[in-house]
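Just below sit the structures, each encoded as structure tokens.
In what comes next, subunit A is part of two complexes: it sits with subunit B in the first one and with subunit C in the second one.
Here is the complex of A and B:
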């Protein structure tokens, strides 16, 4: 019984410690933004590395996700002749839910984990101390550019992903569900609204913020060499995924 | 003008690593901090640039209390005191030239061409100019150390700290690093603090030695004092004998 209470207490303390650490990091990031004090070169480098290089994987994921949705729906579309619902269904689901959440998770897996591993390796090889020793603030040089890049790029990638997913849905609709492009487009354009797009993009911004903060925090707090880096990457991905799913619930609830 | 430690204590939880360190270094001096592995040599020098804060005691650089200043003020001290890390700590994502250019670009208001020129001159000084376009992962340890020295010199520091600069190097590369350290002290009048176990390096380069043992500076003095010492602990360390009075952490 005593051990159980001790474990609960230890867990609670750890949770408080991690939450405090994340909030402290958030405070430092905000502090570095007013007035803006971050490295523009690193910012551009990260925009390219995190965003532009993610475009191919985002396109592939989005295209097939759009297609999968139509394949799943095609059984019922054919049975009930509901071709007029395909465009709406695909657009509504992609813009509001599937696009941001799937791309957010994909982004976390590709960019967030890479970011944690990179920062963690810099910690264990004393590169962060090296920066400090050169009188360069790691917050301004490394963290703020990464946080901003991730938020901006996930937002932009979600726009690209949304468009590609709709193209995929339309194409698979024509090929598999016998839905003409005209029928798809009519259904899509008449029923999907700007609010649906905005709904998804707000989520993308929040997910980008979650991935950036959790991955930077996990990377900067690495302890224990290569094993510690591996553990940190694992923690970052799991924390970001949980953060995305939980925040998605609250965002869906509050924005609907 | 000096770096001064006054009764510095540093604890990590219940582990007492430093229990009253007192030492000083002047410009132009080459102070070697020696002692067994895990005794707290690197911990000691990290206090000078505020990477660690003492549990108690004072560390000052040219009269400024490092242990009292804010993180922002520390950056001013760090421009004055450069550090070469044990694993070089070059930035993997930057080329060797970019590594040296980074602090110059950040701190000196120079045009891009001037930044590049200064960085290339520094790389030339350490014999690394022809490799300027390579990345840290593409060169060996000795070359990385030399680039790290070039980077450390980029802001013309008054003091340079070296954490085991010759560890893991072949004898030839190690002696080249030694001569770079000597050049620094003689030509630039920089105060150098070098953490080392390398006896060849110590006795060929040092002007002063401080031996860390049991959390304190066990002995500090000119090289001759160590040569002529009859203290059994110092004799054991210098002879590298496994038997003797010396206590070694972990053994």
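Here is the complex of A and C:
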């Protein structure tokens, strides 16, 4: 009994510690933005590394996501002849929900985990101390450029993903559900609104923020060599995924 | 130049340094020695402001850095060139970029091309001509050490700290490195603090010695006189005896 209470207490303390750490990191990032004090070279390098290099995987994910929506729907579409619903259904689901979530998780897996591993390795090999010793603030040189890049890039990648997913849905619709392109387009353009796109993009921005903050925090707080880096990557991916799903619930609720 | 008054450092409940008092003046070359884990590297990191001093005062020139904020530490750190024990090379940059990095980050008034040439020249001086474009991971341990040395001295700062500059180097390269360090020092009249476990090589280079054991100073004075020190730990350590308190 005593043990149980001690465990709960320890868990609660840990949670407070981590939350405090995250908030402190957030505060430091905001402080470095007003006035903007961060390294422009690193910012551009990260935009390229995190964003441009993610385009192929995002295209692949989005294309098949659009396709999957149509395949799942095709059974009912065929049974009820509801071809006029395919474009609407695919667009609505992809823009508002499936697109941002899947791309966010993909981004966390590719970019967030990589970021944690990179920062964590820099911590354990004293490269962060090395930067500080040269009079360089790791916040301005490493963290802020990465946080900004991730938020901006997940946002832009989601726009690309949205377009590709619709292309995928239309294509699979023609091939699998016998929905002509004209029918798909009419249903899509008449029922899907700008608001649906905006809804998804707001989510993408929030997810980018969550992935960037959790991955940077996990990386900068690594303790204890390669094992520590592994644990941190693991924590970062799990925390980001949880953050994405939970914030999605609240966003969907409050934006509807 | 650097004055420590009763400096102590405690981390995770463990007393790592205890009541360190010492003064390192402009133009002096100091050797820091002591058994493994006695706190040599930690003392250097305190001087660099990388870890907080828990007690006492630490002056760099006339500024007390004990309790100083990160922002105010930045200009102080720029006065210090540091070679880390594990080199701490940036693995996302190649060799010459690593060496040029400190210079490109300060207002040296040099053009990027001049900075590059200076980095190349420094790499040649440490015997690494031809490896400029390699990545740190492609180098041997001894080569990495020399890149670290080149990076620590490129800005010719008033304080230079070498944590094990010759670890893993052969005697010939060791003596070449010490010649280079001497040349830099005589040109810039900086304070040099050198940690090394190669006592013989170190003694040929330094003028003064600070001996630390378990976070406390056991000897602080001229290099020649440490042989007369009667402390049993110092006595045993210098002579490499099996019998003794260590």
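Just so it is clear, the second predicted complex is superposed on the first by the 256 of 256 C-alpha atoms of A that agree within 3 Å, B and C clash if a C-alpha of one lies under 4 Å from a C-alpha of the other, contacts with A are read in each partner's own complex, and residues count from 1 in each chain.
Criterion: a residue touches a chain if its C-beta (ideal position, glycine included) is under 8 Å from a C-beta of that chain, and two chains touch if they have at least 3 such contacts.
Nothing here was measured: the structure is a model prediction, and the numbers come from that model.
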Report task. Determine, for the superposed arrangement built on subunit A, whether subunit B and subunit C clash or fit. Result -> clash
Report task. Using the superposition on chain A described above, determine whether A:10 touches subunit B (first), subunit C (second), both, or neither. Result -> neither
Requested in this report: Please work out whether A:178 is in contact with subunit B alone, subunit C alone, both, or neither, and reply first, second, both or neither.
Outcome: neither
Query raised in the report: Should A:127 be classified as contacting the first partner (subunit B), the second (subunit C), both, or neither?
Result: both
Report task. Return first, second, both or neither, reflecting whether A:136 touches subunit B, subunit C, both chains, or no partner chain. Result -> both
Query raised in the report: Can you list the residues of subunit A that touch subunit B in one structure and subunit C in the other?
Result: 118, 121, 125-127, 129-137
Query - subunit B residues touching subunit A - in the complex, by the definition given at the top - result: 46, 49-51, 74-76, 78-79, 82-83, 85-87, 89-93, 102-103, 106-107, 151, 155
Query raised in the report: Which part of subunit A faces subunit B closely enough to touch in the complex?
Result: 45, 118, 121-122, 125-127, 129-137
Requested in this report: Report the residues of subunit A in contact with subunit C in the complex, numbered from low to high.
Outcome: 118, 121, 125-127, 129-137
Report summary line: Residue positions on subunit C within touch of subunit A in the complex are 45, 48-50, 70-71, 74-75, 77-78, 80, 82, 84, 86, 88-92, 101-102, 105-106
